[in-house]
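What follows is a pair of complexes built around chain A, which joins chain B in one and chain C in the other.
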Partner chain A sequence: MLLLPRFDYEEPKDLSEACRILAGLKGNGKVIAGGTDLLVNMKKGLISPTCLVGISKIPGLSEIEPQNGSIFIGSNLIVAKLTEFEVIKKKYPMLYEAASVLGSPLIRNRATIGGNIVTARPAADLPPPLIAMGARVRLKNRRGEREVELDRFFKGPGETIIKKDEILTGIILDEPPIFSGGNYIKLGHRKALEIAIVAVASFIVLDKPDGIIMDAKVILSSVAPKAIHAVSAEKTLIGEKPTDKLIERAANLASQDCSPIDDIRGSAQYRCAMVEVLTKRTLTAALKQAKKSR
Partner chain B sequence: MKRIINLIVNNKAYEIAVLPNRTLTQVLREDLNLLGTKEGCGIGDCGACTVILNGRPVNSCLVLAVQANGCNIQTIEGVADGNNLHPIQEAFVEYGAIQCGFCTPGMVLSAKSLLEKNPKPTEMEIREAISGNLCRCTGYQKIVEAIQAASKKMKKR
Partner chain C sequence: MNDFSVINKRLPRVDAWSKVTGEARYAADLSMPNMLYAVLLQSPLAHAKILNIDTSAAKKVVGVKDVVTYKEAGTIHYGVSPARYDETMFCYDKVRYVGDEIAAVAAVDFETAMEAVSLIKVDYEELPVYLNIFDAMKEGAVPIHDDYPNNIGAEVHQEFGNVEEALKECDYVRTDKFVNKKQDGGFLEPQACLAHFDMNGNLTLYTSTQTPHYVQRTVSMVLNIPIGKVKVVKPYVGGGFGPKASANTIELAASLLSMRTGRPVKMVMSREQVFMHSRGRHQFYHELTTGVKKDGTIYALKNTCYLDGGAYSSFGIATVYYAGSLLGAPYRLPNMRYDGYRVYTNKPACGAQRGHGGVAARAAWEQQLDIIAEELGIDPIEFRLKNVREKGEVTCNDFNLSSFGMKECLEAIRDRSDWRNKKGKLPKGKGIGVACGFFVSGAGYPIYRSETFHSTAMIKLSEDGGTVELYTAAAEIGQGSDTVLTMIAAEALGVRYEDVKIYSGDTDYGVDLGAYSSRQTLMSGHAVKQAAEDVKKQVLEVLSKRLNVPVEDMDIKDGYIVFKKGQVDFSGIRSYYVKEHRGWAEQPGDDKLTFKEAARIAYIEKGTIVSAGAYKPGELGGKYKGATVGTSPAYGCSAQIVEVTVDMETGKVTVDKMTDAHDCGFAINRTNVEGQMQGSLSMGLGEALFEEVKFDEKGRVANPTFGEYRIPTALDMPNVNTIIIESNEPNGPFGAKEVGEGAIMPTIPAILNAIYDAVGVRIDELPVTSERIYNAIKEKERKK
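After this line comes the complex of A and B, so read on.
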């Protein structure tokens, strides 16, 4: 049996108490939400915080709140709920898709959206669609609050710009633009409890149903230390009229935009080839959706 | 330092003093002597430790007992009605869905959560619902058949 090392446990009743406790712990504390990543790492002896700060009793952190056009998703909201709320399925289908392939049903009932972000795993499922849709994260400490684009949040595997006394309180997603569409595909060996070999999230915005591409985001996951933009693919798409040929060219460029490693899940060469395939598929699906959306 | 927590397990209230580093699996097995909940991998991959926490099946090896304070928990011991097996348990017996039995408590609880939400699941929905529960004996086919049979049984009652 894997045992957990000893630690203290605090369960603040509100955010200001939580910030005070974290500041007092001077970097030796860790926030625990679902614990599906943190407790595994603690059992394996990879980290041993002296105190865990549970955030489940803090009001507002486990809910979705509409905020004039955009929505605020509390960081402690479990991943299963992202697949249950009608608003997510309807307005942010890409997030729904990513949430429904994360871990297993048992994991999705504990794992949280905030946890999937702060742990900064290179193969995490929720960051690619969130980055593609321009999500922002709200970070709070004793001195105040800041909002950061998720795109600028990650530094590398397990590393983010969050300070040791900060709590990620939620994620903000703006209303998707008219004539926009997105798609997320995760490639794994099996359908559950799988870490992606490659995953791609694509999001495009058209000026009108048969118009040109105003904005394009192609986010590649599991092929670099963190989720990255397929920069040259995005450049190729923007300003052009979408055709099969253009999508094929963008997909080919995307496979050259990444720097995967060989590991147990797949070789670098295979990953690059799959980036091309998945980029093509996600762009095609995103385009189809964008033409229909209004 | 130990903390006092309150749990409702299988409709019975408990007040227990626990250290923060003890998991819900440990407390159920060691403090409440509910040995039906198994610990397999201990890291959320196998589902042997599945319990229903506030209506949702979870890996109890990745829940701190202190996090479960105030929660309602159902373990495999709370599924049968006295000496009468639950239709899912009956079907598992009838269809040969149990071999070594280590995954069974978790399988039954995942199946129960599914059938309560979705009384007539498709085969794919069943396979999806038990995808966090590993079985190394049966090859899953008999488990899937048992859950399909249980769905029909439960509809009749």
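After this line comes the complex of A and C, so read on.
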């Protein structure tokens, strides 16, 4: 049986106390927000913080808050809750889709959006759509606060730019542009409790319903140490009028934009092939949505 | 409709309330005052000589009470089949797989035991590691067990009829290969036990097992304690599926440690340890050659199979036989040859798992039969119907099909699934497939050679007369035997379901070989029925004397005495009973004599009313070598239709619908029968599409979690249309026979056949992952 190592637990009542505690721990502390990954890794002995800092008592971190056109999603918001907000379902449907397929109901009831980001798993469900939609994360420590594009947050498996005394307090998503649409598809073995073999999030912005593509994001997951852009696919799409042919070309380029590995979930070859299929499907769905959105 | 009062109904399980409320206690929930916790030291290497074991540092840890290795445990060999006792409690000369047990530490708490065990130092000399049968069988390979130089631990050669000659007479012959993967039992409750050796020298072992009786015998033998001093108690068990059907190391180690320390000792396996202990499904490499006549008559089968057995034999001797013998039916097959080889490798030992030995063989053959039917231009259901055996027939390997609703199963699924309007008419990407299944209803012989009864039962009436106490050593492991046996007792005795209290799973209650080979309903059911009928007779005999009514003119039903020839004046008994029980609850008030009153009178007359029943199978067929594996008092059969959607671009399969018919002889509890069918289908679906225990290059299990070892979730299971076929088995209690394992048989091939129907590719390797289908589709496109 795996046992949790000994550790202290703090539950600060506000952010400044949390920052103070974390700073005082000098790198030996870890924020716990759900803990579905953290506690397992502690049991396995992969990490051994001396103190966990729970953020569930901090006001505002478990909520969604509109902020002049944008929304702020508190990092401690559980994934199950994320799917309950009308605003997420309506304005950020690809985030809703990703949240709906994360783990199982048990995991969704405990895991948080902040945890899913900070833990930086290459197959995490929420980062791809968030990156595609240009999300920013808010990081706070005792000395201040900064906002970073999520796209620049990840370094590799389990590694991010977050400093040891920083807390990810929330995620900021801007109002999606008019005539934009996004889609997320995760290919797994089972229908639930699944880590993606491959997942793709696509987001496109048109200048008008039957216009050209102003902006395109194609984010590939589970094919690299972190979620990556299908760079040449995005380049191909931007400035063009969307057609089936264009999408197929972009999908094909996307499969060349990644170099996945063989592992117990699937071979590199299959993953590349699936990147093409999922890119095509997500772009098609994103386009359909963009044409309708206003 | 029949006139049964209790059986053949949909009654709630006797353990439903305690399970849904959490009141049910499983082995890991148990504790005792002064209890120690023990953990195992297991080998990190897959194959190595043990040069030295140093436990001195572990012994010095404060809180450690005992450390044991083979030096303390001895090296008495045990296993499942006496012909292959190839295990010892702890390794002494070498380790044979990653996880092989070397030592155990008992300490005041779990943390201390874990710390101490990490301090045991073992020096190894590494040996070549064989992770597949081909390497293990190579010329010059180091024997994993000295007695088997080529690492073939068991082989079987059987021939019925003359296959070579018969194949010459066939119009169409084809050969196909098939391979499955090592599957884990996937039960939710990891093994756990609590051993208590008391001051009087009695050992009580509470353990999560399917077979208290076999565990009792093994513990007694390995620890050298008289069998009468060993009591094995099975608390609630969260599934077994085969891997829990024999003694394991924690049961032996906890018992040894309790004997040495005089304190209760608890051990619990982690999920990773469950994967390492394994004893689940073997990997089978089948090569099948089938010959048929042009009219579709199946005429000959040549079956060669290599089994990857892992490091020890476990149930493997039976498995290697079943992988041949279970293809003897359900079809009229006059010529069958089987050559089976079970090969040792440096992986966790494989054993029995639901559908023991026959699942891969069945999948392989039913897929091949589907190909043959297509080649002959015959509808696969018609093809099967043409060949299925019927009641009263005897197979080429001497299985007596005393009841056999195979035809009825096939017709039922054909009609209920709307097969005729779907087969060959579905759009591309959608498919429908069919397959049949066949299984024993209880092993005809115990795993050790003996004349023992297979099941005994006792019934005692409570002295107040109100309650029927049923004692059986049968193992309720979630499959529902407590419910079924309670229903059988109530029906046979004539009381209400709620009047029977069952005590089960304790070796003090009698002999019962346990929950494996789909035997509890038929075998324990017989013993219980017999005991109940005897109690009934005893009560009626006393009543007969009192009332002066012949026994044959009375009966007991629904808790009342029935007077067949008109009302009888029982006022004497009534007033006597009421006088004795003034002030008690539930006084008999109506105008019918209650069983309660009758049973009380019987007690007053004779003292405590007890009875016993015992069952063993009668004469079974087969005089050839190996006939003891496969012969059974009865055989279950099943048929299934599966409908799938295959995503042509990703290869992903969605099982949309399953229509399943199973001949269980007679359904004691209809809901339970359907539950077993649903569970079997889910397990088959998992094995077909997802499940595979994977290993890294050092022989470590690469996916020892339920995150990466995928059993189907509720969302992966389609709606299942379950159809119960009742063929009234003459050798079963009330006509009942198995459903627990046979139901899994058709699932995998029906899925494979449906996939073929959908996308035109045949997959001969499990699991059928999206990737495997994708590759097959691409391969087919390339060949075009």
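We take it that the second predicted complex is superposed on the first by the 293 of 294 C-alpha atoms of A that agree within 3 Å, B and C clash if a C-alpha of one lies under 4 Å from a C-alpha of the other, contacts with A are read in each partner's own complex, and residues count from 1 in each chain.
The rule is short, and it goes like this: contacts are C-beta pairs under 8 Å (C-beta built on N, C-alpha and C of every residue); 3 or more make two chains touch, one makes a residue touch a chain.
Nothing here was measured: the structure is a model prediction, and the numbers come from that model.
Peer 1: After lining up the shared chain so the two structures overlap, which partner does A:56 touch, if you call chain B first and chain C second: first, second, both or neither?
Peer 2: first
Peer 1: Mind working out whether A:266 is in touch with chain B, chain C, both or neither, as first, second, both or neither?
Peer 2: Only chain C is touched by A:266; chain B is not.
Peer 1: What is the contact status of A:104 with respect to chain B (first) and chain C (second): first, second, both, or neither?
Peer 2: Both partners, chain B and chain C.
Peer 1: Contacts for A:4 in the overlay, against chain B (first) and chain C (second): which applies, first, second, both or neither?
Peer 2: first
Peer 1: Which holds for A:193: it touches chain B only (first), chain C only (second), both, or neither?
Peer 2: Both partners, chain B and chain C.
Peer 1: For A:277 in the superposed arrangement: first (chain B), second (chain C), both or neither?
Peer 2: In the superposition, A:277 contacts chain C only.
Peer 1: Check the residue A:148 against both partner chains and state whether it touches chain B (first), chain C (second), both, or neither.
Peer 2: After superposing on A, A:148 lies clear of both chain B and chain C.
Peer 1: Please determine whether it is chain B or chain C that touches the greater number of chain A residues.
Peer 2: Here the partner covering more residues of chain A is B.
Peer 1: Quick one: is A:35 in contact with chain B, with chain C, with both, or with neither? Answer first, second, both or neither.
Peer 2: After superposing on A, A:35 lies in contact with chain B but is clear of chain C.
Peer 1: Across the two complexes, find the residues of chain A that touch chain B and also touch chain C.
Peer 2: After superposing on chain A, chain A residues 1-3, 104, 191-193 contact both chain B and chain C.
Peer 1: In their complex, what parts of chain B are in touch with chain A?
Peer 2: Listed in rising order, the residues of chain B that touch chain A are 1, 3, 19-23, 26, 39, 42-45, 47, 50, 53, 56-59, 61-64, 66-67, 69, 110, 128-129, 131-133.
Peer 1: Sort out for me which residues of chain C touch chain A in the complex.
Peer 2: Result: residues 110-111, 114, 268-270, 649-650, 652, 689-690, 694, 702-703, 706-708, 710, 712-716, 769-771, 774-775 of chain C touch chain A.
Peer 1: Report the residues of chain A in contact with chain B in the complex, numbered from low to high.
Peer 2: That would be residues 1-9, 11, 32, 34-36, 39-40, 43-44, 52, 54, 56, 80, 103-107, 109-110, 191-193 of chain A.
Peer 1: Across the complex, what residues on chain A touch chain C?
Peer 2: Per the stated touch rule, the residues are 1-3, 104, 187, 189-195, 197, 264-267, 270, 273-274, 277.
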